[in-house]
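Each of the next two complexes has subunit A plus one other chain: subunit B in the first, subunit C in the second.
Right, the complex of A and B next:
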């Protein structure tokens, strides 16, 4: 008896069909522009036509002091911007989440909402509001500080080279502290009561409980927050632009990669935009972010222990 | 959106109003512009004045938003749907259009000889041989002061640098007013209202500017560093926290009567007239020694050119000749105090403050901002760097010499003057 031919496996069209919308949309709005940017960075406009020049734009970006000084300055500022977020925003976020998850806290929902609200505000509003708050002429900051006898500590922070970037970083922290808070809060809530109860049976309570039990359990969330902060900070632009303008004054002290890219790509005032150099800077930003994310994925995330409940 | 709707409405009404009487052979000219603010002036004053004298030609003013103008105009020119008449930005942006063949050569247009070479410089090829836009208006730099404050403190309008500082010292000693309303936060105030305002007196206006372009002078020369040295001296006379004071802050400080002197551009006149509750006066940048020739920055800002693809070049040229005439200048300058006609024929203006500004043309020599022509084509951009360095000098971050050196080094890195 001849073996019946095995029924041919039908081609599973449905997989392609169901994937298609997401793939198409993502390709059209993310992958193609990204490829376009990379391509643009390898060309240069010579006599009104795009000419392939290989890596010469990058050579100019790093070799010509007119570009490289600005680039390294922007990168340095961006790193500082990131450090402030990591040192201030995320610890405060964890602290707030820990406080909010405390069962004895009253009005927790109100605090949660109030702290999260700035996150959904537009950058323009945040930048403008803080510019006014810190204004030495009409701002409330000098008056409030006068009230508590600290007037002598007031300086026009946004106008001083040594303070402007830190001040803006803190404004950004103020705006975004709600995101780590919410994520950590959710992580803390998801810790099962049994684990906490077991810890209590073993006599681990209070601060020790937080450090020894809860913190290890929320570490993966903190990792995710760090990487979100990293990507967000190295893509930042709006706050600096609304508060300090495209020249990121004073004396380029608040210039980050985003504003540097903007000036190069679109130009500013009499400066004519140079899309090719802009694309080269955008490519560098992409590589920096890609590098950071890879470091996190391969070195950090694989070592984080996960607990299944 | 609102302006577009308004434009559409106005267009609609003007068409409706004219269909009745328009003859078949009427020619309609469209004006491209970014000056949406001027729509009523064009519609109510300028265009009727022209149409009354030139039957058979209809003119429509069709502005777009300032930030969209350059891109929109480029797209329309490429598509062949741009208007017959094109409002010109000064220098490189218009020069680029001319080089691409979008703007027609107007060198021989009747009426062009009504303008001085400085006035035409903004819309000429680098060699000065062809002109492609009719100069319409310029803005003049100087200082606007609070007349009431000056009267109260018994101050006289300063003419020399020494008198200028004496006046500032007196205002500061009195303490009622902030001596000078200027901030460095927005950077361009320091450069435009500061450096470009007082600078021409030191680098001798056109003489220095041309020598800089030819490479005969450098920004590190004494004449170019001197204005920075003056700016550095301004610091104690500015208000508390001037480092974080923005341009609107400065305007408000002055119009609220809290500051006595405002380093200005004449475009402020319109706004200040409506906001300030006190009498105002103006004086030109003070000279170094009594009797020195004074120089003012009379910066060409707006012009009008002819679309090379226009279907009605003859009628459009007729209109441009009219724009070059004293008639146009009178209406325009009076409707927009602070935007001065560049016409060589003196224009009679009603606004006293505007009159004061324009009277300096008679006694001082005019020049334009030193960084605008040719010198801001490369990277680093001289204009932008001047903003940053002017603010640095006032903030005390850089010495005048260091600032000048940075600017010259930046310029040297890409600019090779023709020998």
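Right, the complex of A and C next:
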């Protein structure tokens, strides 16, 4: 496909040579397995051979209470996980970026570097460090809350069903706030000085300037961040797995689609691993993510106005 | 920059918010590192104070170094990350050059096809990837991880690099062509050196998720021989749940190399992320 000749021209082999390695690796390791997984979700292992069963895996996923209860629970939790990211992570990211981009701010490089540190740490470190901090055995969290007189509010959040998911979402927010901060920061820096100066000539400064001039200009970046957050969240696994294990305890209250997929695929404790059901769950995740990306591409992005400077 | 937006109370406010958030971002990291140098009594008695001569203890580190095979895991992680990074950058730059430099039929389609992977995570194909690796006998090899991470990193690398390659001056390339350079020489000798800063950006973006990934090492290469440092730390921490000295020391050992690398390269990283803006 790459090297198709244009009329009256020799075949330009170098185009094929340049494209081949990337296209081959990408197709073989990413696209074909993705397609293979979607296909596997329509099969079932019966007497050691894969038999086509149509949508019966999905019927089981939604119809059999053993599966459907867990699936809806994981999906609900995942939606909550995403909502917290959108409501906490992205506004904090925008706020920090807005402050960082203020002209002549001293130590801006230091702040930027320091706030980005959690983002480069692995989930294993983040999950465990927060598990220790929030642990009632160590007592760092209640100790700190005592400073501000809130000690009575302390509970072992990660161990309580009603708080665990929110607590972990906030840990994840803590880890990834650097990404929206950096992207928005870059967008804010790219606003030309003339625009800002024009606003100042018209007496638009400070907060008003941010809301009326800068925010509309960085909306495309906020759109990109939202879709990145969406894809990242509906594909998350590591943090829950390191902090709460594959069973996503307590009592599945922190189970999200990633951990649900892992248990279905590999099995855990009493449950036997089932690649076909794993593929069915992966297919559902694929459809959810694809749906989100389509909504972004066709509804959000086309309506955002882009300004060319 | 004008001085109209510069007022003292606002500056103080900005510093207050940024300092608070910096403290929130760094506190857990500092807490873990400080406590890893303490005795058990020190960890529980006064978790918030730095180690004093009385509470200073390296027992955690001796346990970790005696127990886990961290040097080996570290090597595995290094091999996987460096090799994947090399292939992502080489293949990615080649494909980006083809897409941005030449007009050919299917160019746009090819670009869209390669961009698909930016949005659709490779993780969703895990079931079939595992089957593929089992079929080719690559399970529990570092090669499996390198292949997967190369595929994972390529879409974004191609996307970013082709944006940058469009900015390389046509005159320069055409001058090279008139001088009789082959397309390969133009790419390797003229274009690649010019896009080196954006290669650094792509390198950092690609490297962090690979180094930190837990999913694929857990599924494709969980054997003792091929464990990466992330997986090794996860299993080690799981075993030593009650040995707080060892846990804190292991966490610190896992944090430090990344932190040191980050402090060295943070300028490049941040310049890379904001490079579209700061010209």
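Annotations for the structure displayed:
Going forward, the second predicted complex is superposed on the first by the 296 of 309 C-alpha atoms of A that agree within 3 Å, B and C clash if a C-alpha of one lies under 4 Å from a C-alpha of the other, contacts with A are read in each partner's own complex, and residues count from 1 in each chain.
Following the convention adopted for this analysis, a contact is a pair of C-beta atoms (placed from the backbone, for glycine too) under 8 Å apart; a residue touches a chain by one contact, two chains touch by 3 or more.
Predicted, not measured: the structure shown is a model, and the values here were computed from it.
In the superposition on chain A, contact of A:272 is made with subunit B only, not with subunit C.
Taking subunit A as the reference, the larger set of touched residues comes from C, when subunit B and subunit C are compared. Legend: residue contacts after superposition of the two complexes on their common chain; A:29 is shown touching subunit C, with no touch to subunit B.
Shared-chain residue A:85: touches no atom of subunit B or subunit C.
By the touch criterion defined above, A:138 lies against subunit B and subunit C together after alignment on the C-alpha atoms of chain A. When the shared chain is aligned, no partner comes close enough to touch A:214: not subunit B, not subunit C.
Applying the stated contact rule after C-alpha superposition, one finds that A:251 touches subunit B and leaves subunit C untouched. Comparing the two complexes, residues 138 of subunit A contact subunit B in one case and subunit C in the other. Residue ranges of subunit A in contact with subunit B, taken from their complex: 64-67, 131, 134-138, 142, 155-161, 244-245, 247, 249-252, 263, 268-272, 274. Residue ranges on subunit B touching subunit A, taken from their complex, read 91-92, 183-188, 239-246, 249, 253, 371-372, 376-377, 379-384, 387-388, 391-392, 395, 397-398, 410, 413-414. Subunit C contributes residues 1-2, 4-6, 10-11, 14-15, 17-19, 21-22, 24-26, 28-29, 31-32, 43-44, 47-48, 87, 90-92, 94-95, 97-99, 102, 104-106, 110, 114, 116-117, 119-132, 147-148, 150-152, 154-155, 158, 182-184, 187, 208, 211-215, 219, 230, 233-234, 237, 244, 247-248, 251, 254-255, 258-259, 262-263, 266-267, 269-270, 273-278 to its touches with subunit A in the complex. Those residues of subunit A lying in contact with subunit C across their complex are 1-4, 6, 12, 14-15, 17-19, 21-23, 25-26, 28-37, 40, 92, 95-96, 99-100, 102-107, 109-126, 128-130, 132-133, 138-140, 143-144, 174, 177-178, 182-183, 185-190, 193, 196-197, 200, 205-206, 209, 227, 231, 235, 237-238, 241-242, 258, 261, 265-266, 275, 278-279, 282, 285-286, 289-290, 293.
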